[in-house]
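Presented below is the structure to which this report refers.
We just call them A, B, C and D in the order they show up, numbering each chain from 1.
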């Protein structure tokens, strides 16, 4: 199957279940909200080595937020509900409560359950905290040096989908990178999804375990390395491909991840030098979801 | 003591010893280097709740880097050397190795010792890694999907100083915030320092323990809360102060932290509406360093 | 009338008729589209001294643009239709055609008439230009060094409204500035409007002519200068006001400008330290529109 | 001649004399200074169609500026001294004086002569302006709504060099673009130079006159268009080249332009997919300067 002259491989992305939280961070200005959202979602590319997978979902203009200020929706994810509870508490408490002029609201529709992040953080007020009602939400006001921090008492979480992905294979790294940037820009418009890697883009691919170093849990996927294509016997890199980037997507549900993958592919194939689109899987035995590329269209 | 009509209080910032790493992250462009540096230093405001204190120190133009590409110097800090080793490995491995076109070099002069971050990460190459010499440095090349990632084998760390700080007290939050932004901009020019909080600015202050909730290790410093000044008996907020922001500084040594505090104060006092500059301490019994504000000038 | 404790003065903004063009600039990525849009709308604060009034209206995600790539809508305005024709041609030709990966589409609904900017620029192709149909639009493809530039043949213009405005009066400049930033962020969500001054904010106010220098067409409005409030006899600056910023708005029609003024005021009054909102007029004799502040609510 | 495997053609860039102004724009924060500098240098790619060539040269940290605040150095250029006088006055008056918290200082060493921009703008103060001495500079303070605007009375200009350039020829547009971005990043570190096109990069090339349309003064250089390489008989695009971007440089003198070209080339050749570097000239008869590429190394 081809789109705009680019081969879409007959393969699938293997994705996994994950627990997802989704909150709105507002501030006096768009820039201040972005600063807090960025700090809170940093060090959050993959739970393989980071304490969470995290990213900015979308911007919400002032007239659509509970406090009439600009805000960013962020998503913080972990396979383990207890770890997610911890991460949400610390990332909000250390990176948003401490940031200038911020407030935090639940932004999860159809939550499976609620975490009591706000109800825990309110104790930081040492008795000076107050309970408010803002647009029908139970919100706590915590006095800080610079003024009062507002946070909704309960923040919803739900079972989501992690590891939706696509590989962009191009005639050189620059074309792969520009296409990946275009894909990330397109995915930003699909609400309910994040691309948690730096700038939304993954430069490395890994396989489970290692052939040479038995103590390793994961190592580079040599069959997908462009500089090893002439060295590795069963390389999966075609002769004309010299640059490969991956986009990894976490989302609220399978539909959101599929929409993001579709938007990403449609953007990537428009960049000259992109030769084919593939996806990563583990044979289908590890993840709960198999998202076939060709069925997206 | 007054500078530009702003009272500099006769007090001191109490600072602590901390283990500091300092590495250079280069990439094909300044923007790509910034993306990786930002991801790697996120979720890093304070070791009270974050796994590290981290931030971007300075930009290094292409002609001054080992690989002739633009780069950012980042600092990652932890009180505990073992935790720092872990954080450096994971933040570099998950947030820089995975980012497009990056490389990592040791950027610590006068290191106390070296961590073998690069020598550990090279195993990810599963035998396809190579050892190179770049400008006299021992560097490992690790094949990835998108090309080869370079990282210096050993990365220096040293005993540094954490918790240098200053309080900006202003007639409203906006004046405090603008002065804090100006202070952070000035501190950026002092190499060997970071301001690890979101945008470099701290909106909240805390005290050890809690008066009301005995299970808490820390709670809001009600004496420094502007909205409680009429409610708390021994408030330290003067009647005309309605906005307080703090800058926290980590540095390679006491001299760097002092230079940063001085630059920050000189910038802050230029903003109309700033009334006084103070600093935070715990009576001098907890930290190894006492940096007196008035002796900076 | 008060909103959130801030006095809304019983006055009106006096606005003028202006000819407005509105085009969509797309590119391979959001960042590249922003670069071109920014260059093309620079040096465009006020027709008093700039060759046009210009700014970025809004972002359009890839799935909503004719070529499936991210884009920004810009507006370029001039009182004189002939001058607008010239400005549109030069700003598109010199600042967008020359920018990497861009394309230009008409984005004016309900145009009064069409300028033939694209039909003129196509001659730059020196016979190698081609006519295409993209989503029902007549578009010209012009070969460049880096590839082909696409531009729609005709670009719509209409009679719009210039000089919608509001004054933010605050207890110090920082509070006025933060409120102005918040107002600009809110106005960004009102499509069909721009705030053409630097960052959307005006630091200076002027009156027609000069009292002292007869050769001047305009000079500072001393009655509105915060540093002259004790020096000028009939100063309009209240005793507690020490910072004033203005927002100027150009829009497709009066309704758009009103919506922008309303959104801006609602955002500004949320910032502590803001004391009152006013607007600028010339007694009502010069402009075609009188927009009363209190009637916006 | 080859650098990093990339052919450096045996050709030269033909550059021209131009009148250059260079001023420092400071503000309360780095971000506010950047906003003003960007607005003032917009619509300034080439004097062929823009009223000036303009751009940001470099950042100056607070401790190195006359008023102790962060600033950006901008350059504004025109072939004609009278037009430069006009442009400097209007761009400063409309785009910097009107911007929040700014000040303007002369930043031209070795000026040929001085323009009296500040001495003219002071009349805007309508008699309320004051003359100050700041760090040995004669500066005027002009009262505005938001506070006082400072501008040095005289701003130096000198004979500089325009049109230094290099062509990056790559196997696809993305590789050319990434290399161009890297080149611009490298050139930013060469003080005394600007790259006036959008993002510093030129997507189009032109020739004098037109073969088909006799009324045109300039048209696309079809011999350098990648999409016409099979159609135009004497195309200068090699068979393997599918993307070409140009960098244009204006500088204070020939040495600065040469240093910028060298830095740009050294950065560009590091990007995989870049095949050759060339430069643009008109046979050597039009411009006063011939800068040979191979002699830069």
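The criterion applied here is as follows: contacts are C-beta pairs under 8 Å (C-beta built on N, C-alpha and C of every residue); 3 or more make two chains touch, one makes a residue touch a chain.
If you're wondering where the values come from, they're calculated on a predicted model, not measured in any experiment.
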| request: Write down the chain pair with more C-beta contact pairs when C-D is set against B-D. | output: C-D
| field | Same-site or different-site touching of chain A by its copy chain B, using the half cut | value | same
| query | Farthest chain from chain B, comparing Cα centres? | reply | C
| query | Centre to centre, by mean C-alpha position, how many angstrom separate chain B and chain D? | reply | 35
| message | What's the distance between the Cα centroids of chain C and chain D, rounded to whole Å? | response | 25
| message | Can you pull out the residues of chain C that are in contact with at least two other chains? | response | 31, 147, 173, 177-178, 243, 271-272
| Touching residues (chain side chain A, partner chain B) in the complex | 32, 35-36, 38-46, 48-51, 90-91, 93-102, 123-128, 142-149, 167, 173, 176-177, 180, 197-199, 201-206, 210-213, 216, 218-222, 224-228, 231-232, 243-246
| query | Where on chain B is chain D touching in the complex? | reply | 28-31, 61-63, 68-70, 147, 178, 181-182, 185-186, 188-189, 263, 266-267, 270-272
| In their complex, what parts of chain A are in touch with chain D? | 31, 170-175, 177-179, 242-243, 271-273
